[in-house]
Each structure stands twice: as C-alpha cells, then as structure tokens.
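We just call them A, B, C, D and E in the order they show up, numbering each chain from 1.
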Amino acid sequence: MSSAQEEEPPVIELDNAEIVYDRNFLAVQGVSMEAERGDIVALLGPNGAGKSTILKMISGIGRSERGEVTRGSVYYEGEGVTNADTNEMVDRNVTHILEGRRVFEDLTVEENLRCGLYRGGRRVRYSKSDYDIAFEYFPQLEELLDTEAGYCSGGEQQMLVIARALIHRPNLLLLDEPSLGLAPKLVVDIYDTLREINREENITMIIADQNAKETLEIADYGYVLENGQVELHDPAGVLMDREEIKEFYLGTSSEESRYSEIRHYKIRKRWK
Amino acid sequence: MPSGEYFTSYEDRMGLLRWRIEYVAFALGLPIPLLAPFVMTGQLVSVFTLVFIFIIGVLGLHVMLSYAGEIVLAQGVFMGIGAYTASRIINELALGILPAMLIAGLVTAFIALVFGLPAWRVKGFYVAISTLALQFIAIQFFFRRSEFAVIHGGTQQSLPSNIGLVTDVITIGSATEEYFFAFVVMVVFAVLTMNLSRTGIGRMFRALHENDLSAQVLGINRFRNKLMAYAIGGFMVGVSGALYAIYIGFITPEFYSIDITLLQYVMLLLGGMGRVWGVILGVTTVELLNHYLLETLINAFPEATALEPVFFGVIIIVVLIVEPKGIMAALGQLKEYLRKWPYAY
Amino acid sequence: IGGDSGDSDGVQVGGIHDLSGATSDVGQPTGRGTRDALKWVNQNEDLSFDINHDWVDYAYEVPQAQNQYDSLTSGDNPPVIIGWGTADTEALAPDVANDEIVYISASYSDKLLAEDTQYNFFINLDYTSQGRAHAKWIADNDPDAKVAMIHNTTPFGKSPVDGTESYAEELGLDVGDNITLELAANTADTQVERAMDNDIDYLIHQNTAAPMQVLLSSVSDLEADLTVMGLTWTVDEFRATSAADAFEGVRYVNTNKTWGQVEEAAPDGWQIIQDSFEREGHDMSNPEIANVNYVRGVAHALLAVEAIKRVDDDGGDIRSGAAVREKLLELDDFDARGLLPVTLDYQEGDRRATMFGQTYEVSDGNMVPDQNIELDRREEWLP
Amino acid sequence: MVDVGALFSVLVTGIGVGALYSLIAIGFSLIYKITGVLNFAQGQFALLGAFLVVTLSTSLPLWMFDVQVPVVAALILTVLIGAALGLLLERFVFRYFIGEPVLSVIIVTLAFLSIIDGGVRFFISSQYRAYPDALQPDWSVSLPFDTAVQAPFVLGVVLALLTVAGLMAFFRYTVMGSILRASASDQQAAMVLGVSIERTIVVAWALSIAITSIGGILLAMSSGGAGFTIGDVTILVFAAVVFGGLDSIPGAFIGGLVVGVLRQFGVYLEEFLMPGLDSVLPMVFLLVVIMVMPYGLFGTERIERL
Amino acid sequence: MSGQHAPPPETGLRTGPPIDPSVAALGCQSVTKTFGAITAVDDVSIGIDQGEWVSIVGPNGAGKTTLLNVLNGFYDPDTGGNIYLSGEDVTTEPSYKRARKGLGRTFQGLELFEDEDVLENIMTTRAVKQRPNLLSALLFYVGGGRRTEAENMRRVEEILDYLELWEYRHSTIGSLPLGIQRRVDLARSLALEPDVLLLDEAMSGLTFDEKYDMVRFLADLHEKEGLTLVMIEHDLEVVTDVSQRMIVLDQGAIIARGEPDSVVDDPEVQRIYTGVE
C-alpha cells in the first residue's frame, strides 16, 4: 500500500479475500486482485469458480445471500469497504449487473430505465433526457419503450440491463456474464459497445464471463479463477497468448475442430 | 455421519427408518405416547387428543400446500363436511366410527375436487381466495340454511358420547379411549403421507409446485394432479373433521369458520413446510402454547387474559424471526451445526 | 396442574368463561360476577363446605371448552359447571347429560329445554319467549302495529324467529317478512329501508351488540319511524349510556334485574355486589363492569350455591350432580336474593325457569323498567 | 315488482359502503403489490384505526394513559400512528424476513391479527365504542328517488377517489413508484440499483396502514362506533381485490365498490329469494370473475415463458 | 410458400423441408404463433427424420424457443398449422401427452426443481414414465409401490452413472455449478426415455470442458441409442461439428436450412447471425 501512496489508488482492490456463504460454504479463498481506473478487467474461470461471488461481495449484494468476507479486505478507491452493504456501494457509484438478465419483467422498458435513476431515493422527478445516455449506445431500446420487459428477447433484455446501469451513472460497473445466451453477432456488438462506453464515459469495468475470447479482446487485464483461487493473472494481451488459455478457453490452440473427434470417441459406460 | 451408502438394496434405502439411530429413537420414543395418558392430567390427555386430530387435518393441508403448492383456504369447510357426514352416518345409520370416518373422508375428497376445479385456470394466491370464497359460501350459507337439511342433515347436530368402531362393537367414549383412537389414526395417516412423498405421485406434486410450467412439458398433467392433491388432502381433512365432531360431540357451522383454517396454517408454517415431522411439531407446539398461555395468564394475571392472543402472536413472530422456515428447519440447522462441530466449514 | 377436585371438604363448581374471546365484552362482566359471588359466599356464608371455582377462560373456542371440561371431569365429576355461551353449552350438552353435571349457562336457546339436555339450566326467558314477550307488549300497547323480526343467520340468530312470528300472528299483529342482519354487517341501510317500505313499526332484534349498534345507526340516519326491540344480548347499561342518542327509545326484555334496579332496590344480593366491588376494586360508575351482565353472573353463582346448599341441608351428597339437579327442580322461592324480578320454577319435563319478562325502554341512556310481561306456560312451546 | 327507487338506493348505499371497503382494499393491494404479502390482518388494522380515534378523542383511556385531544387532532394522530406503525413493524419484524418465503410473512400477518385483536381488547376496550357526536356527522347528500347518502359514505367516496388517483399517479409517473414495483418484481436487481428493501417495506406498510385506518374510521362512523366486527371486513377485502386483480390499485377500488353494491343487492334480494345472500353474493361473483379472468380485471398476469 | 402436398426435394438453402412433416419423427406444417403484435413463429414447416441431429440457430428473439414450445405443446399454435410426432397429428394434444409419447425437452432457463436434490429431480420424470398408482403409492409396502420405486431408482442411477452425475446425486440444485445443472436437466429428460429430444441452448454458459462433455453425451445418445436430437445452439463451432442439418430462423421465419457447412457460408446468414464475413 505504502508505495502506491502518491499514485491514484486502484478503483477496487481485493486483498487476500476469503468469502464464505451461510457461515459454512467456502466459495473464494485468498483472492487478491485490483482494477485500475478506466480499465476493463476480465474475470475468467469455469462454472462455480467464484467469479460471481467476487462481484457480489464487491457490490455488497452477496450480503443478502448470507455471504461474508471472513478474511482479507476490500478497498474501494483506497478506502476499506469490506462487507459494506449494497446501499453504501451504490452511494460510491458502484453498479452491478447481475447474472441472468434481471429485468423487471412486468415493468415496461421505460419504467425499467427509470429505475436506473433511483439513487437512494434522491431522485423523484425525471425527464426523457435522462435516458439519452442509454439511447446513445442502444438506440434499439427507443422503439421498445412501452413493451413489457418480460416479453423482450434475450438480447434486448441484456441491452436493457446495461442501459439501466448506465443511467445509474456508475464509476465502477460490474458485469456478470453479459454474453450468456446471446447470438454471436450480438455478443460482438455488445462487447464493442461496452468497450466504447468504457472509453467514452471512463467507466471502470469488471466483466465475469465464460466467453474468454470476446472478453479478453476488450479487456486490459485478466484474472483466471479456479476453485475460488486465482490461477493466472496478466494483462489481457499476455493472457491471450498463453497456451493453457488458448487450449481451455479460446479454443485456438489447434486448427482441428474440437468437437468433431467426439464422433469417434468411445464412451465406455452404457446407458439402457 | 457416514458419507458413503451402506444400503444393500434399493428397498432398504427407501425405508422410513434408515439409520440405526433412527431405530433407537423410534424404540425409545414409541412408548411415550402410549404410556402418557396414564400419567398425564385429564386435561392434557384431552389436549393431545386434539393435537392428534389436528395433525391429521394439517397433514391434509400439508399434502395440498407443501406438496402440491396449492394455497387452499378451505380447511374449515373440509372439516365441516367431514363432520356433518360423519354425524349423519353415526346418528342415522349407526354404522360406527370407522365407516363414518371413511365415508366422511370420501365425501370430503369429492367436495375438495369441486373446490379444486378453479385450479384449472387459477394459480397462486388467486387459488387461496377462490377457495376462501367457496368456504365462505359453504359455511355462511349452505350449512346455515335449514333448506339444505336434506343434504347436510340439520344445521346443528349432536353426536352420542359413546360410539362403536363398527356399528356398536368396541365403543370409544372415554377421554383415554379417544386419545388412543386418535393416536392410531394419526400414525396411520402420517405414514401414508410419508409414503406419498417418497413415491411418484408425491414427486409429481412437488414438481408442479416448484415449476408447473416445466413439469407440464415433462409429461405431468397439471390439472389432474392438482385435483388429486385436493382429493387426497380433502380426504385427510375430512377424516380429521369427523374425529373432531366425535371429540366435541356437537357440530354447528360456526366451528368451521376461517379461523380454524388460519390456525392450521400457523401450525403448518410454524412447524415448517415440507416434512411430516414439521406438521407434528407445529400442531403440538401451537396447541400446547395456546393451552399453557391461557392457563398461565389466568393464574398469574387474571385481569389480563385478553393478552393471551397478544402473547401467542408475539411468540409466533419471534419463532419465525429466529427461523422463518419453521421449527423443523431450525432443528435441521442445529443438526448441521452439531455434525460439523467443531469445524466451522 | 389444576383440575383435581373433591379434595377434603370442598365442592367443585366448574367454570367455563369467555374472558378473552369473541364474546368477552359481555363474557367478562358475567364471568366476574360469578367468580366474585362465589368468593363472597365462601368468605361470608356459614356453609359446611368450601366452593372451589377455577377462574378459567376458554376464549370462546370450543376445543378449549372441551379440554376444560375433560379436565374438570378427569377426577370426580363436579356437581355443577357454570358455563357461558352457545358454542360451549350446546357442544357439552350431551356430555353433561351423560356425566350428570348440572350446567348453568347464559345460552338461552329453547333447544336446551329438550328432553335430552336434562342437565342444562338457565335463569332467563328462552330467546323465543323473549321475542314473544316483545310481541305481547306490542299487542297490549299498540295492537294495530306491524312487526318484523330482524336477526342474523347463525343458529343463535334464527332460533327465536319462527316461534315469535307465529305468536305475534296469533296475537293478531301484522307480521312482516323477517330481515337478516349479519354479525359482521357494516351498515343496515338497506335493511332499514326495507322495513320502512314494508311499513314496519317494530323490529324485534336478535343479535349481538355490534350489529345492534349498526342497526340503530341506520335507523337514525334514515330517520326511520320505527321502534327497535332487542333481545337479551343487544342492550346493556354500557351501550345505552355510551350511545345514548342511538339507543333512545329502544325496548329490551330480560329476566334479571339491571344494575340500576338492584342499586335502587338494594335487595340482599346487592350486598354481595357491593362487597365484591370493594374487594376486587371494581368501579361502580363504570358501566363496562357495573351492568346487567355482572348481575347475571352473580345470579348464576347464587343458583348453584342455593341448590348445593339445599342438598347439604338434606344430608345429600353435595358432589352429586343428580342430587343438585333434584334440588333445582324443587326450588320455588329462589330469586337470587332479589337480583331477579321473579322467583324461578324449574319442573321435571319443563325446565323453563320463568315465563316472566321484564321490559325496559331506554331513555337518556338509562334502561328504564317498563311493564312486566307474563306469558302462558304452554306445553307446545317446549321443543 | 322491480322498484327502481329501491334499486337505486341499493346502488347508492352499496357504493357508499363499497367506497369504505375500497379504501381498506387499496391498503391491502398496496402491500401485495410492493411486498407480495397477503395481509390477513387487514381488517384488524382498520379496527385499530377505528378504536384509536375513540380512545384519543374521548375520555376512554389508552391503557394507563388518559389522552384526550380534539377530534380533528385525534384523526390526524391516528393516521400518523398508523404510518409510524409501518416503520416499527419493519424495524422489529419484517426486516428479518427479507428474502424469506412469503408464506412465513403471511403467518406473521396472522400473528398481527391475534395481537391487534387482543391488544385492542386489553389496552383500549373489549366493548363496542360509540363514536362521539363530533365523529358522527349528520349531514347527508340528497339524490333523486328520495335517497340520501350519509356523510361517512360521501367522505369515503371522495377519499377513495383521491387515494386511487394519487397512488396511480405515483406508481405511473414517479421514480419511487417504479422502484417500488421493481423491487416487488426482483428484489436483488432492485437492490443493486440502490434500493433499500427495508425502505420499500416501510413505505408499503406505512402507506397501507394509514389508508386502512382511514377506511376503518369511516366504517366505524357509518355504523355508529367502533366494534370488533370491523375486523371481519378482511374477507370482503379479499373478494374486492380479486375482482380487480390483487396488485391493481384501481382494481381494488372498483372491486370494493362492486362488493359493496353486491352486498346491498343481496340484502335486497332476500325479499324475493332467500336470506343470507348478502354475504354470499360477492363470493359467487368473485368465483365467476376468477374463472373468466384468472388475474382479475386489471391484475398483472404472470409471464409464462420457458 | 412451400408445397402443401408432396414435399419438394432438398434443393437449396431456402426451400421447404426435405422430409414430409406428417411422416417425420417430429414435424410441423405451416405453424404460426403470434403474441399480440409479435409474430414469434411465422409459417414454419419442418420435418425431422428419425435419428437425425438438427440444429436451430438464429438471433435472439428469432422465435427458436417459441418454435420448440409450439412443437411440444407448451403453446398452442395459431389456427391453421399442424404438428406431427412420429407421423401422428398431435396438434390438439396437451404437452404432457406429447412428452409421454416420447418427446423430451431441456430448457434454456433450466427450470429444474430448485429445492430438490438431483436424484429427486430425475426421479420425478421417471415417475411420469411409470404412471404411478395412488393406492400402491399410499400403501407402499403392500401394494407394490416399494418395488416400483426401487425399480425406478435403479434406472435413475443408471442414468446418473451414464451422465457422470453420481457424485452430485444428493446435492440440491441451487448449490451446483451451471454445467452440472445443465447435465441434470438432460438427465431429467432422459428419464422419460424419449425418442426425440429437444435441447434449448443446452450448452450456453458452459466452459469448453463442459461443452465437450455435453457433446460427448449427446453424440453417444445419438449414435448408440438412435435418439433424434433437435438442438438450439448459439455456438456455431458445436453446431457445425456435430449436427447433420441446420435451420436458421430470423424474425420467426426460416431463412436458411441444410448442411451446416453450406448454411454458415451463406452471406444472408452471416449478415443476420454470425456477424463475421
């Protein structure tokens, strides 16, 4: 810490954090990571590695699932925010986009966006111009304003939650699996947009995603988690070139298609 | 606790008693209710008889609510139907308790099916309210009108205090006899309910409860199974109503109001939804609580008996704050804690 | 815990009161009257036995009454139980008949006069006869009037309807269709309008206090020109004083004296009430307790004491319900030490305590005694 | 035989009482809409309001304290106490149920039912309490066919309309309104936007209890005073909100009116059919509505997608 | 419009189904499904042959899931269209009947029975297959309920074993990683012993390893058990590697169909779906 005194502290820093659910399930052990201002940090790893858990403890929402940082600490812009609750983190301009396109289903798109204006009750009135930032990056939404969000397609819902978070004017944006279930073209589009937002609005982002290829493409730095621990971490460019990443996450290590050989693979166990 | 499985056959694994400790607990626990009436005061015997009767009814609710997920607010009228049916069979046909119980159950099951018809379209809390409406119509109107006496046999009816099991063979009359009879019936229904939950039908009910949309696509006929849950649950509540009538010896529509429904919901949820043991615990706790609260208050603060419902309510809330999923879940957590002790995780 | 009776020289008089339940507004003063009077008797009377009376609350819930009953009967049966309302009385009727326990309660349904409820006793006109008394008063005072029953649809509400209507017709009164007013009604406007449309002059009301108030409120709102006549549970001093305007002119019938009457006449029984109020710290100026229901409760207690005492005097078994019942049937000069306006007269085969009804008219918040009505003791009015 | 005048007065009285049901029903659907809880103690909250007004405005003591303030102050105080109660309930009860099964919270409302009923009996009065004259306005509004609407009914209709309009505007046009609905739809997603679930619960219950107390007071006014049967209004409220759709404020309003009219119509029909219809008619109608429209008139349909 | 009577031969990317829907293992003829103003499925006809492995792709909101939902009866199609299951017209049959006739299904959103453990989840559909009898269930020991249960459990454990889920059998669903949950979803539909299996994004959100496993199981089921597979998938690599035929939907309508390799090269498909040239 002492050496970083003069420089700007990282937006978020985890120092050897251990996260436990329900007082009995150890989900993350001894993870240290940080995100510098204006960076996009990629958080990669298989399912259950603890990616969401880390995001949830940063935003504080993990507290509502009986999650707790039991060891180590979390700093936001140099200040300790270990086990802070969601309200406090929202006050510090941290916005979390939860896993699984959590739109408010029976609200219209417009009302969903309006909810982004809420900051601890301080905003009561609003005008259409508040939505400009959303429409700038996601012009499609403008036509859907009166549609119930529950009936929007997956892509539209994903855009909606990002747009809603943008209206929230975050300093740090946590994105959990933004590409889940999206068509390839849309993934590319959304990631391009995220990069653009990151550059234009100077919003620091942490993206947890399976889609390592697209994520690393726009990220500045990457962490690979496994079983609740950081296995690898490097600048995105370096990470992309590492063999193990290529093999397990990017699928670019060999020219040969990876699935076709399965046709010749014999499964020993018999069913029926 | 072992982590591997020791069972030598699939049949073994499905037993109600699976671990040695369960056999021991069973062997030690069984004599307690059997010997209890000989040491308890008359009043407690009577309280426990009521507990057993209510357990049967709440088990019915348990089938409909915890298994099938239907929030049926018609316990009162189901008990009423059981009671009126049983009363007619005992008074007019003199067939005795067992046939009366059986027919009361069947009639109630049938009426419950009718109550279940809105489930064809209606879901969630709307079910609660549609069944509540039916309950209201039945109790406030149907049973109160003597015009319908041909069907219900008279708004108010009395039952004899000694009734034979079948016709007049082996009469049940004294408080102790009622206690044992209710106990046996209760055990039978508890076992039947457990059986239901570990076979396909119980599973289909639960699937519909948890996710009715995917369950249908996976081959479960929603309407049919919901109706079946109403019928099974209705049967049990009907039997409980029949026993309740025999226990009280008198029936009048006011006994079967929404209050009894709500009380049974408190019992079920305080015990903890989803387990037969939760039902047993919940009913027992609520009844004993009510009983001892009244008794304590009247002895200690005779001027403050009006506070009884206040204390009752506060205790319910405190218990639920400690463990919102009920006493059963609290015990489960305790067990989990002890199992892992002294390690935290 | 509790329950054990018959120790040493005490006699158990069971009690099943509603102190906290749905009818506790009237159950409290009645229950207290009973308890206080029994205590008084123990302290002041020179009896050869003590009366044990557990102060018990069943909260107007039948299973609780049943439990209480089972507890009372788990040792030796008590000779007498002083009960309370419709629910417990009717539910326990077969049991008390079977166990030979005299059951004195404040449920006045004429059903309790039937053959198979041999052990049920009450000190008032049955509900139907209360209605008849009102009808007779009308026939005597306003013979051309038109009358209708108004009641709720519970068995309690319906019980006096047919009997009253046919007696009113017999008396030559013009009887309109009966009207229902549910216990939980929030307004009686439509009911009152209907009565007005049908030119009803008198509404005989069988219900409890809350719907009575609702009815009176609608009557005054709609400025209906009719008289409401309430049966025993619709009026008491507390209601009359606290809503004097609405109750003005309401007629009432009962067979135990009101608070005002006993206070004024100060019969022997008044002493009991005075002493008890002092001992328990009740407030005589508070009509929530100082009312007709308290008097009713004292009368219940005295009836039980009187019968037991007579058994004792004759050297009978004071713990035998049958013996106590015997004495109740022999009574011919009991007026609860002046708390009742008449003497009671129970007969084997006709357990109507009396055919005498005292009517009242509420004026300025006071229940002013009016004519006394004496009905025929007709065989066919028994169930 | 059909008497237009009589039918008209049935309608007028029905709408009058119905408006009072509406107020209480609005309080009910407010809680459902925001927190997803069916409040079984709704009638008891109305009862509490009705009794508080008497104890505050007359010499009737509140337990050991003998407060007596002018009637207007008593009315305002009662509504404020109702709102404050919302705050307290959140602080001491509901906070512990965030994220727990809704059914548990429903059981908590059943506990409230007991507590309020017993509490009022002990701390205020176990007796029917007639309202003082100041709370029994005797003016009325005359309508054709010789009918008149009593003051409490007129007040009820006006207040119910104002409440509905206010709440609808609130939910439709304000950020807070959208947020409240959002947190009902997905608590966590709302929390990461900075919503404090605690606060939404406070708002829901405080508003609801305040509105419900007003309904309760008017109901007591119309029947001459506060009695325990006010608690029984819960069942009618259920019927009302199901007509309208559980989570719809205008639905609750219309539902209340319909129930009121049906009840009075049931009394009217008694002459031609049979007695007891007033309690049954709303229920029968409810069943018909629910079979035709499983989510009531305006209720939000559950989105059924796989 | 594709021909109503004789199916046209497979000629190009945008022509009708190569297999007559009414004789196919699973097929639909001119099916349309609208939600208010949205036409989610627009006059679609497909025929899937016994033993085929077909992929359906398309942008989000193209109507893929809706098409599956119409095929298995979760939605009723707008009037006019017909749905066939092994040559039988099942248009009016409810979804549960189609499932019992051998139409299995996994879900995009998993839709597992969250509070139950893995074994229970699979036992549930097994129960559907068995058509349990109430009396024997209640009596359990007497009526043969116990035997049936034991038999069911044996079968379910074979499935667990096959899908390598053994170690998770007593874990509750909520605590499992997505990859395992997807496999449980598959196991659950296998317990019905289906002939045709509809997979709705069974691999979305999975890591490479998990996808690989999934493909491995599917390939085996397809080859050894002859299961007909219809799969919605966004990962084109998987699609082109494993499926024999591919259907591209956009805005409810089929815009291309045929051999995967030729379909993905189609410029129209690239423009709308893949986004790469």
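Rule of thumb we're sticking to: contacts are C-beta pairs under 8 Å (C-beta built on N, C-alpha and C of every residue); 3 or more make two chains touch, one makes a residue touch a chain.
To keep track of the chains, here are their UniProt names: A, E = ABC transporter ATP-binding protein; B, D = Branched-chain amino acid ABC transporter permease.
What you are looking at is a predicted structure, and each value in this text was computed from that prediction instead of being measured.
Contact with chain D and chain E alike is made by A, B. Annotation: B-D is the more contact-rich of the chain pairs A-D and B-D, by number of C-beta pairs in contact. Taking the mean of the C-alpha atoms as each chain's centre, chain B and chain C sit 37 Å apart. Averaging Cα coordinates per chain places chain B and chain E 41 Å apart. For the pair chain A and chain E, the distance between C-alpha centroids works out to 30 Å.
Annotation for chain A: residues 25, 151 touch two or more other chains. Residue positions 140-141, 144-145, 213-214, 217, 306-309 of chain B are each in touch with at least two other chains.
Within chain E, the positions touching two or more other chains are listed as 74, 107-108, 111. Within the complex formed with chain B, the chain C residues making contact are 1-3, 19-20, 24, 55-59, 62-64, 66-68, 70-71, 73-75, 86-87, 90-95, 98, 111, 116, 153-155, 158.
Residues of chain B touching chain D in their complex: 71, 118, 121-126, 128-130, 132-134, 136-137, 140-141, 144-145, 147, 213-214, 217, 258, 262, 265-266, 269-270, 273, 304, 306-310, 312-314, 316-317, 320-321, 324-326.
The part of chain D that touches chain B in the complex is made up of residues 32, 38, 40, 93, 96-97, 100-101, 103-104, 106-108, 110-115, 117-119, 121-122, 126, 235, 238-239, 241-242, 246, 274, 276-277, 279-280, 283-284, 286-287, 290-291, 294-296, 302, 304-306. Residues 25, 46-48, 151-156, 177, 180-186, 188-189, 210, 248-249, 251, 257-260, 262-263, 265, 267, 269-272 of chain A are the ones that touch chain E when the two sit in their complex.
Remark: chain D residues 3, 6, 9-10, 13, 16-17, 20, 118, 121, 125-130, 133, 138, 140, 148, 150, 219, 222-225, 227-230, 232-233, 264, 267-268, 270-271, 275-276, 278-279 touch chain C in the complex.
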